[in-house]
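Some notes on the structure that comes next.
First chain written, first letter: the chains are A, B and C, and each begins at residue 1.
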């Protein structure tokens, strides 16, 4: 499992170099053929029996923050990179820039708030990062406008085979592709690690342009809200109920035959799976299926609670199911008629 | 040394009402500098440094911190909880926690992802009732590990920021326990005459309860209360007290004017920096209980400036603690050589 | 066996906070043959003692009930009032109230303007008389009145007024009558003025200086439609309080109560109440502190004219009080 190391790395959209360097290192160790394209996507090739052109894709980037201003007392103002609920930011630890300067996200003490202020959640412009400096000059010695800040949150295994970490969306997908590339399967596929998914599926578009896949398989960490007081039909997916197959989201209507055949493959191989019960959100499939001549796409995901916050949660069993299912789907599709 | 103490003590919990669990850690640090130890019956720790006269000086800082208490065990391995002391519920979202059940259980407090919430919903602050601890167990497994009434705290490793700034949970009021430790160290170097009681009070966060019982037990001649105050952040007035500029001296009806004046004089004489605040009535600190204990106790109140109170990233400047500790030792020493009755008479 | 007659007598007794004389006499009469020593302290707390050389244990149940105090009697005979204890205007409208002298009235409201919120100041008590002299002679500023409701019971439950905290009184009376053989020095305190801030318990706690204090009082439940979130239910047994706004139960006391219940096969449930407090609040911070806890009786519809509790829960509470005093 690469997930422990992968989730400790910073890779806010547009600043994925730590993740990229890690994956490049692992690919070199494996002796896997790969290159990095002009946007920063890693494109690796697993050679083997080939029936069609298969592209596996997982994005390396994560949601985070970018420094937008430094005030006279040295406090750092920021903007969100990717979709972040403003309510998850208060009192978190972040690391900023290449030197990973630690800081905490502060706000007005609740004791000092008016009744009205307490009645609404704090918008991002009322929050700031405190790195322990007291002047603008002091801060500017270590942090500059444009620096990225990522959540700091340890990888923890807990409960019943569960994992808590930041950026499970989508280091879970990255680790699955790495795992498959390390297995030397006799089935041909490209493993693509894309950039900037969280800010508009940027990397996947150029990668698909280069590879012209017949079948795109997107690996994701996807929304899961199987929590108390959320109705079943609103939870989207359930932890522990296996790999997730998407039917439709805001960006893609998945090829129904491919999806159903993936479901059958799961059943035939005793792999637990579930369908995604929500049509919100979108992923790299949204651009892959529309590039050039177009491609059939399927998304195989790991259900992750609390994504886009510092503490996402996933089940190792589900990751395992997604890995097994992806592998079988590749093998079946390269069998040939 | 102070930092080591703070990081150690802030890595352990002292939730209000449960201050006894990790008491040995506190004792380990105070023992070398004090002569005897006792507790009041609510769980306040009282470390005494004996002097040669009959004067009793009580230093008080509260050891307790706000926490969570499990109220029920739900399907899917979730726990609902209530708070012990006043929590800013927004600071609980997306945090790791430890539940102190039969064993220590890791959990997280998450909310629905933005994909599934409306713009309207995200503008509303979350209430404690809408938050759950996710333990990753099934309900059946969890019921064997956790009982209603078990407590939980947010996980936060203490963190060094730039320079002498540090951040952790529960610096309110462990920072002031560190001030007492510093004062105890300084006092050991000199032969002071007064009996000094370093009191780590229990249950301040739930209503100054330990300060009430411990001050009754000690029955001191004067009380010196140490707590944290609001350090300046961008959303506060320009003239607010700042981190790194020394402890904040309070003025108002709950404080003894002449005693406070004496402290200020001594700080000036020895060049200890300090800041000032006016507190017309209720201080919201242990002072409010100590002052009216038995037949009344003249008090002074010092606050350490702190940012982001009652969150898991309370932030302070360690220099403020050293200054306050040294100034207090000096103050006690000078009181020994003054006519206390003269100072305390109206 | 549940003593319905005693419970009904206690519930029907007129005794709002600060006017506890009547119930004090009633309880005194009930227990005088069972206690070694009975005193009434300056605030009016009734303290019954069973002497012993051992540990000093204080049990406390409050005698007072919520009610209204008359603040103004106008010329036409309408009475204005303020609340004594936790009551709010919207719960009062239309209720029948009764005075110490047995006279009654009904709570009516002024005509409200659009969307105006109902405040106590918009309510008045109509005492059903147009005879100004009769009114002048019988109703005075400072008089108090309480709910007028009939006691009612089913096979397993009771509806009555002032179950808060006459059940507590009932439990202590029964416990005292069945006082076990023990070395402990037991004080059964029937306290005054709980509803206005646990005032009686504060002075009783100071005077007695016990080693252990247990309040016996009602608590809310979470078993009604769309009610508050709480794990306590009617019929779930004696509730052992873990926390409310006035106390975090001392860990040793929580363990004592739990172990005692388990050892004696007493049905119990844990209770965390997110509002309110009891006599244990001021008692546990008395002097240098008193390890304290609360045995609660799960009660629905609190602070209304019809509070509902379960008789078997009461039996479990009595057993627990007796077992703890041993």
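Keep in mind that, in the parts below, a residue touches a chain if its C-beta (ideal position, glycine included) is under 8 Å from a C-beta of that chain, and two chains touch if they have at least 3 such contacts.
Keep in mind that what you see is a predicted model, and the values were worked out from it rather than measured.
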Identifier of the chain whose CA centre is least distant from the whole-structure CA centre: B
Top chain pair, ranked by number of contacting C-beta pairs: A-B
Relative to chain C, chain with the most remote C-alpha centre: A
Euclidean distance of C-alpha centroids - chain B vs chain C, Å: 36
Chain centre separation (chain A, chain C; CA means) in Å: 58
Between chain B and chain A, distance of the C-alpha-averaged centres to the nearest whole Å: 40
Overlap residues in chain B, where contacts from two or more other chains coincide: 80
Residues of chain B touching chain C in the complex: 16-18, 20, 40-43, 69, 71-72, 80, 82, 84, 129, 147-149, 203, 206-207, 209-210, 212-214, 216-217
Parts of chain B lying in touch with chain A, wherever the complex brings them together: 74-78, 80, 86, 88, 90-91, 93-96, 105-117, 122-126, 130, 132, 134-138, 141, 156, 159-167, 230, 232-236, 242-244, 307-313, 315
In the complex, chain A residues that touch chain B: 71, 73, 75, 83-88, 90-93, 101-112, 118-122, 126, 128, 130-134, 138, 142, 153-154, 156, 158-162, 164, 223-230, 234, 236, 278, 280-281, 305-313, 315
Chain C residues within the chain B interface of the complex: 229-231, 242-243, 246, 248-251, 254, 270, 272, 274, 284-285, 287-291
